[in-house]
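Some structures are shown below for you to check.
Both of the next two complexes hold chain A, though its partner changes from chain B to chain C.
This part shows the complex of A and B:
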């Protein structure tokens, strides 16, 4: 599968790469949805490291499509999570027990990559040492800059904040600390004057 | 100019620590407070040795929050250009000297969960300040300190007395070596490693850590090079329109400064990149000794680091 190529943007906007195997004592892979494909591709490149791998996978809308393929890889550990919030305690436990030499691989949507990267950073992994690959939906995790509420998987721009109801314009301005893009009120000066919503990158 | 703000100091104490190392304490000449610094910082000491002015960097080893004094340790190098010998033989208590404001090219990464220090010989000095800094904030650290023999293990007794569970000494002559493999494999996630010592030790630890999968961002090291003596040579400074002669015991940077031409610098040890100078024309060969330029830049003949590198040949024209 060929990943979506994001157009060039401001410096704050995250850029993603292509996962490759790095030498290390242990490997932690966190993925959602189509991110499984990046991990399966990686595992096929190098069979040795998969025994030392801990895969945390959240299938989301892909349900069981990739699950059997992941099991066939015979990873050291495979955890299937029903949602990201439900998987956080597993991620934290894996990071707490980890030693230096752990390699981290993140694959899937921007929301998954951003939040998992945040967990890794708070465990002391430099963000620049974490490999990421974007796969699947280009929907974003958005923070409303007005009420600070987070709306997950936003694909239409502008959108309505699920917390405060403001019409928010999707910016490329990203916060690594919050693992979210910033949504700014689009009709503050002329309430009600809201352009038609269009799908991101369409 | 960056890094060149000066402080007038008086030598307030000199303590011979062992056969090779002597410790110097500086206080402000006017009795005022010195700036605080961060552990790992160095100061550049100006040494007026007759008509020769040498500027050598030394890590500050005193408490970063102690504004009354700075202390440095100088290891005598009998083969060097004479800077350390000058400090050992000419400097007396009460002498007035000039030092630079502290500059830190080897600071702690305070995002680290744990700080793992690897010191070789005189490379212990920046860690002494960093340990004092971390102790104030209840920081998590561990020191592995390797020297040739117990009599040269300056600071070992003091460190062991204060921090018996955090300091491990090793003596080469007793066949003791840092067990790097077990040390690196058991460190908690978020550990940063800091290495200061001889080049061989730095290369060894960096390589092992990288092989274990430690990210570059978590590996810190500092190795100051002293400019080596070499054959005298001539250089033309294009912008200033001056021809300078670089003496046997002089560095190119010192010769540029002696000619009254302002040149930027921070470390004077081939590490920081501040003094990078473009070469306009040359006929001869460069003796590159810095850690800054890439191998490609070194062979390109377009750049030189005048603090530690030299030139042999007929013609050298610099963009300075």
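This part shows the complex of A and C:
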């Protein structure tokens, strides 16, 4: 599998790597959609750590495509969540119960990685100690700088804020604390003058 | 009192004005006829008498009205003032620094009486007389940072220092040049400057950070930054950009002299004693073109700087569309004569 190569950008934009197994007493893996492929690849490289792994997986549009493969890995614990918000309490509990030496692996969309990383940071795991790998959709999680509302899975630029209805353009400026990129009104100076939306990176 | 405070507004009717005295002491930011990013730091240890550099925290004729404008912003959007939980001590450090400085520098306006931890703060221009216990938050109406920055002109960022970096972990930001504290809080020095074009490649931020990390107590530093703003609007925040952005289109050749402002930030940096944080006040000064061209050297120079500014910078500073009209206004004041070195009027 070849991941999407993000073009070079400004310094607040997150950079993702490729997951690799690190030694640890426990392994927490959080993934959505095609992120399952990164976990499966990792488990095939090293079978010893998988029984000490807790996998929290949100299939999203991939539905059951990767579910059987994940079950066959025989992880210590596997949870299938219907959405990220539905999974948050499980993620928090896993982090609250974690011991020193926990390794964290995040794989999937930028929205999943950002939000899960935020939960880890809130539990005292420094962001530099968390492995991430981007897989699947290049859609972004956006904060409207005006109303502060979050719009998930934004793929077109500009887009309409689902909270306040303003036309927003997508900046590369990223906040780890909000796990979101910044959306700014595109027609503030000339109301109604909104260019046609273009798919990100196209 | 020695300063006559204006009763003026930075919104609505925009009744803001600069007196002749304020024009004369305006911090014109260009020491030569061109501009490019530079770290341009100098020690903040006073300056010429009457200049904005003379005192640690300059108080001018706009003080009372600026504080009222801040109150309006905070009432509408309390997220402009935020502090991460580990920054409370830095807030007390800042409160002490400002109270001590202002009481020493403006004894006719401010008084600080200290008896151990029992402090009494008197702010005559704002009619405040507050007794409180230092380091006891319950004895003040707001947290220490918010309390004192509601009484001090300029935005304030408090930067925590760790891992050889500075982290924007607290701030009071209501007069900002288009950046969001709510978005940037918690970021490190490189991350919050990420949207600035060119300066990263030029190594500006690496050099600036190195300088800032080594600032010691008692040796504050300062630099100027600048942009252009239509109308004397202090709150040019991204939060409200959808409300004020349209004002940029209201310039005409007839009104540009009154409505187009040069916006200069006096940025200062002080090390705080207990927290080892760095406080970064960003004080905004506004002057419209009509007042600015009353100083012939500034008129000539501003014309040359704006004319020759690289496109990326004019775009980032948000006046690329209005640049031709600004130049048309300034050109008649530029007779081609050489200008003297430095920022001061001839």
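In this text, the second predicted complex is superposed on the first by the 202 of 202 C-alpha atoms of A that agree within 3 Å, B and C clash if a C-alpha of one lies under 4 Å from a C-alpha of the other, contacts with A are read in each partner's own complex, and residues count from 1 in each chain.
Here is the rule we use: a residue touches a chain if its C-beta (ideal position, glycine included) is under 8 Å from a C-beta of that chain, and two chains touch if they have at least 3 such contacts.
Being a predicted model, the structure only gives us computed values, none of them experimental.
Student: Once the shared chain is lined up, is A:115 touching chain B (first), chain C (second), both, or neither of them?
Tutor: Neither partner.
Student: A:137 contacts which: chain B (first), chain C (second), both, neither?
Tutor: Neither partner.
Student: Using the superposition on chain A described above, determine whether A:53 touches chain B (first), chain C (second), both, or neither.
Tutor: A:53: touches no partner chain.
Student: Let me test your reading of the model: by the given contact rule, A:87 touches which partner, first (chain B), second (chain C), both or neither?
Tutor: After superposition on chain A, A:87 lies in contact with neither partner.
Student: Kindly classify A:99 by the partners it touches after superposition: chain B alone (first), chain C alone (second), both, or neither?
Tutor: It touches chain B, and chain C stays clear.
Student: Which partner chains sit in contact with A:23 here, chain B, chain C, both or neither? Use first/second/both/neither.
Tutor: first
Student: Taking the superposition on A as described, I'd like to know which of chain B and chain C A:145 touches: first, second, both or neither.
Tutor: Only chain C is touched by A:145; chain B is not.
Student: On chain A, what residues does chain B touch that chain C touches as well?
Tutor: On chain A, the chain B and chain C contacts do not overlap at all.
Student: Which of the residues in chain A come into contact with chain B in the complex?
Tutor: 22-25, 95-96, 98-103, 123-126, 128-129
Student: Which residues of chain A touch chain C in their complex?
Tutor: 10-13, 143, 145-146, 148, 166, 171-173, 175-178, 182, 184-185, 188-191
Student: Given the complex with chain A, which residues does chain B contribute to the contact?
Tutor: Touching chain A: residues 111-113, 184-191, 211-218 of chain B.
Student: For the complex, which residues does chain C have touching chain A?
Tutor: Residues in contact with chain A: 79, 180, 182-187, 190-195, 200, 238-246, 248-249, 321.
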